[in-house]
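Each chain carries a letter (A, B, C and D) given by its place in the written order, and its residues are counted from 1.
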Amino acid sequence: MGWTGKILRIDLSKGTVKTEPLNMDWADKYLGQRGLASKYLVEEIDPKTDPLGPDNKVIFATGPLTGTCASTGGRYSVITKGPLTGAIACSNSGGYFGAEMKFAGWDMVIVEGAAAKPVYLTIFDDDVQIRDAGDIWGKSVWETDKWIKAAHQDPMIHVATIGVSGENAVLYSCVVNDLHRAAGRSGVGAVLGSKNLKAVAIRGTGGVSVKDPKEFLKATKAGKKVLKDNAVTGQGLPTYGTQVLMNVINEAGAMPTRNGRDVQFESAGDISAEAMAEPRRSDGHPNLLTNQACFGCTIACGRISKIDETHYTVQNKPEYWHASGGLEYEAAWALGSATGVKDLEALTYANFICNEQGLDPISFGATVGAAMELYEDGVITSETTGGIELKFGSAEALTRCVELTGKAEGFGKELGMGSARLTAKYGRPELSMTVKSQEFPAYDPRGIQGMGLTYATSNRGACHLRSYTVASEILGIPEKTDPLATEGKAGLVKAFQDATAAVDSSGLCVFTTFAWTLEDIAPQVDAACKGDWSVEKMLEVGERIWNMERIFNNKAGFTAKDDRLPERLMKDAAKTGPAKGLVATVDKMLPEYYDLRGWTSEGVPTNETLERLAV
Amino acid sequence: MHHVILGAGPAGVTAAETLRKHAPDAQITLVSGEPEPPYSRMAIPYLLEGKIGEAGTHLRQTDGHYDAKRIAYKQGPVSKVDTSAKALTLNDGSTLAYDKLLIATGATPVRPPVSGLDLPGVHTCWTLDDARHIAELAKPGVPVVLVGAGFIGCIILEALAKMGVKLTVVEMGDRMVPRMLDEVAGNMLRRWCEEKGVKVVTGAVVESISPAGGAQPKPAPEAAAPTPEPKRPGFFARLFGAKSETAPAPAQATGFAEEAPGFAGAPENGLTVTLKDGQKLPAALVVVAAGVKSNIGFLDGSGIDTGRGVKVDAFHETSIKDVYAAGDVAEGINLSTGHNDMLAIQPVAVEHGYIAALNMCGVATRHRGSLNMNVLDTLGLISSSFGTWEGVEGGSRATMVDEKANRYIRLEFDGDRLIGAQCVGLTDHIGMLRGMIQTHLPLGKWKDKLMESPARIPEAYVAVVQSAPQVGPTGPKVALPA
Amino acid sequence: MLKALVIDPGKCTGCKQCEMACSLENEGVFNPSKSRIRVFDFHEDARFVPYTCTQCDEAWCQQACPVNAITTDAMGVKVVHDNLCVGCKVCTIACPFGTVNYNASTGKVIKCDLCGGEPACADACPTDAITYRDVEQSGYDKMKVWATRTSAGTESHGPNTPA
Amino acid sequence: MQVKLKLFASLARYLPDGSERNVARLDIAEGTTIWSLLDAHNVPRGSCHLVLVNGIYQGPEARYNALKEGDELAVWPPVAGG
């Protein structure tokens, strides 16, 4: 039936493990994963609770299509109150961990309280144990993965873990599973760290069934055909990965560069997908080895890279000479454009370290960018940085920073606060490229106006994965709109937000929506799940989720004032490219957006709206 | 050309079929020692459990299989072989001439020198006929004593336990399956069995079996049966001479008659099994699984060289021209040692039968050697062992023990090659262990990874086979063209 | 002309659609741990290797079966007959490729039988890493194909790596 | 007049010799349109999904417009990321 119908509740304070049936009424209203786990979270925690306190909870949640043959049906999310933002946090990840959770028989794992000493969880089908993590506390993601598989002598275990950064409450630390897939944003890793929970290890040998296997095969097969026949999901993404955007966004003049000083990066070509595929001058091999799929994914956009063994970052460090997760677009942008660094191998190394130590490369790179601006402005000096010459464009500075931040040492501790707290500390809060304290990603709203509204209204702080209007505004998916226009964007943003919330709750990857619409997705959900799952119902579920998240944030203390972009975007016009002379103009779009959403001018859902959606 | 095959077990049947394939015109006669169609002893425990009927034990399942292949089937057994006249004398006095002869007469269980073995209610578990007797006696709830927890004993143990009897197993060794598993694994099995309600008495020696409440048993006769395991102290020396550890349990000599009224064959009040330490075990049925010996008695005077079994060369020919041997009766080549040895297991019997038949019909084929290997399911706990699992001097060992989860892996290497292995609680891809050992696959850097984490066997196999295609996917060869 | 599964690890992305298709076809649920084909993930070498029975001519499993529960069909496929299998597991240790596995929930062994001529794994593979096609070769040659393809995989890049 | 032709992703194969990474500096005749320049380099029209001149998207109609001195024409097949 898609869902396994069972959830695990782990109380780390008491050391107890309980099972309970999934609330099927909620499943019918919130589908799964993001929506359903958020429902549990908002029902169970005080919105004002300290994200890093024992009263916060963290939920690992799968969707009903996770662990099925639906293309990309391998996703899971980590839902909690985020420490970077103080807002509801939901970070989505691929790899194999989510499917394994389903095969072990669980829709969700709810973790409560905090352990007195470091622990990790093992979930081997029905056998669930809280175990002493004394031997792995302080170890990296990669070491932990290896240690757990060896300790339990089962190479088929899948591990989701935090790195040292999560232990040290780096506010943008992630939960990394399968070595290089991550529930990356909003600092969900730090929440695990605050609970003394190092890792969750899962091995499942059971099966996942669906409501109507025959219909399900038909629907998923049709879906796969759409993905295969679509030029983006069938050829573009598998071949070039998300990194193909590097040149696109740069040409379009929407590439936030050097902490948003510029909107184009003159060296974008050097760190692009095309560059990753070229043979290196040094050793004749390309940076990119192959592509990799997450569980069940027929797109396979993942990048697998190998760093040049003679590069300064890994010289005499054979532990980094193997293949691992390579640069995705957001990472390449944050580590590269945001800092002005054009050394592809250095970026790949920084990316490896982000995976190894569990850092969100977007927030990390953007924070380094902000710190570089502080340094160049003379606000901080090499004394502050512990001797690092933190200049824009310095690969050495970047790679030193990632090593320090991952281990939360020296200046890395300050970088670990995120750019909002760092710039505030040194009296220059306007240099933080954040919304709700979360760094925005690789699209400059001055060149893509819809993304301004996306960032401003995103329920988890600035983010592209809540409504990816870039698809329409730049890429022409499903229809081309003018990236510099603000008209019609409120509706576009709302439509993307609702649809994305539904997709994020299904167990599928949002990248399918480059080819799929809900018309393709609803039949797959319907064939798998109890109930009638139409496009309309999916959209309603998406809208309900969006409002539920909003209410939580409102209760946590966020108001319409927090739906705003960094000053720089609204004051400093773009210097080059098509957006030259333009600023981001969210103020025009916001009222229209609130109105469309059925919210008051203060950004609060009206009773009518809440009743309509039965939130 | 008349090929005569003595023995209708897996070796004999495989040989007959191989001969037919390669010698379309030859006359082939299969002589069975039992009044049954060709069947597999290995299947008997499953017959007892009721997983299959008697027909399910038959070696070929299609009607008229032997007729269709023009394989004549003759009731034996054979009492005498005259190699100079190339003729056989059967038990009924008739004779049979051959051009080429294959001895595949297998083995029979040894009957240890314990008084009372002849009592009704005491059985070996070897033939279909034995199975019928056991099935009649082993009713749910009745006390049953199983003597011997070796490989065969353990397979029978599984069947008896599934039949619902109140089972006690008596093993003279210090652990279960001592010749297949080491202490760690053997003790894991023992604990597992005990948790499942089977009483396991190790280090115990049976002194006598007597009718319950009846006359004192006669003292054990001074007999020395052939020893199937010459490498170790004599099998029976261990069985009956070893110092027994006391595992006292209150003897319950009465009571079972009510639980299982009217069972046939056993004394009215059942039996009492008395151990050397004085412990008495009640039994409505005693099953003896104390090892087997080759059926070579009928070869006396034939001139065929025998040891524990029939000695053969690399082509499976005996010391006498045109006479071949295969299966449990033959001392074929052990791949691990390179020496001739008895490996009484089904896959080896098939390999022998195949190779002997090829040589019999003129396709000269050298036996590379067979790998000793066993797999055992003991009430759901699955164990296996391969090759030189005890290891060799100068080799290295990787182990993984999880007592709680009943998982165990022990790998033995010589250099970077795997030579032996044993596993408990592991079933996926375990055949790769055979593949690795039998192909002498050099493991390179994967050996180090296995030393760290033995559970990565499947990965190691696939990874190494890929980089060494010449030895990998073509698989191990048991036979080579001469 | 016989058909065989031809596996090209160089094209495999590790998506495991084959495992899902196999387990759905044979077990009625999505359960990779019961799949007859398995994708091995050599993460550090950036390689994924689908692995299953090659229907080898030697038929080690068939020879080892004490009750004749494994037979070779007209297409050369080694098929386990559930009604005859007693679950003795001898085939699982006899198959040197490790492609016969014991299924504890049914008490029988499972192995690839090419789904009766329409292998679900090949049908499900999105990159043609697994194909089912005519091969005019013996089982030995089939395995050689497998082997060379596999070894070629060490050099080739992924299916979608830009040339 | 001088223009830059930038062909990305799978279209890079149509770049003329002497191009640097994805960029060709070309001397073209006045009046050369977007389509005529792409046709001249055998770039299949069906693959030209994202067509930017100086970063600004050129819809199907606009592709018949002439290029101007210093224009930068950048073309992609259908691509996406995120």
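In this text, a contact is a pair of C-beta atoms (placed from the backbone, for glycine too) under 8 Å apart; a residue touches a chain by one contact, two chains touch by 3 or more.
Only a predicted model underlies this, so the values are computations on that prediction, with no experimental measurement involved.
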Chain pair with more C-beta contacts, A-B versus A-D: A-D
Chain at maximum distance from subunit C, centres defined as averaged CA atoms: D
Between subunit D and subunit A, distance of the C-alpha-averaged centres to the nearest whole Å: 34
Chain centre separation (subunit A, subunit B; CA means) in Å: 59
Computed distance of Cα centres, subunit C from subunit A, in Å: 36
Centre-of-Cα separation between subunit D and subunit B, whole angstrom: 77
Subunit C residues counted as touching two or more neighbouring chains: 162
Numbers and ranges of subunit D residues touching at least 2 other chains: 9-10
Junction residues of subunit A, two or more chains touched: 235, 239-240, 273-274
Footprint of subunit B on subunit A - complex, ascending: 149-150, 152-155
Touching residues on subunit D, where the partner in the complex is subunit A: 6, 8-10, 12, 21-23, 49-50, 52, 54-57, 59, 72, 74, 76-82
Interfacial residue positions of subunit C with respect to subunit B in the complex: 9, 38, 40, 42, 49, 51, 54, 56, 58, 60, 63-64, 66-68, 84, 86-102, 104, 107, 140, 143-144, 146-148, 150-151, 153-154
Residue ranges of subunit B in contact with subunit C within the complex: 10, 14, 40-43, 46, 51-52, 56-61, 345-347, 350-351, 354, 373-375, 377, 380, 382, 384, 386, 427-435, 438-439, 458-459, 461-463, 465-467, 469-470, 472-476
Subunit A - residues contacting subunit C, complex: 67-69, 71, 96, 99, 103, 156, 179, 204-210, 213, 217, 224, 228, 235, 238-240, 273-274, 277, 286, 288-298, 300, 304, 306, 322-324
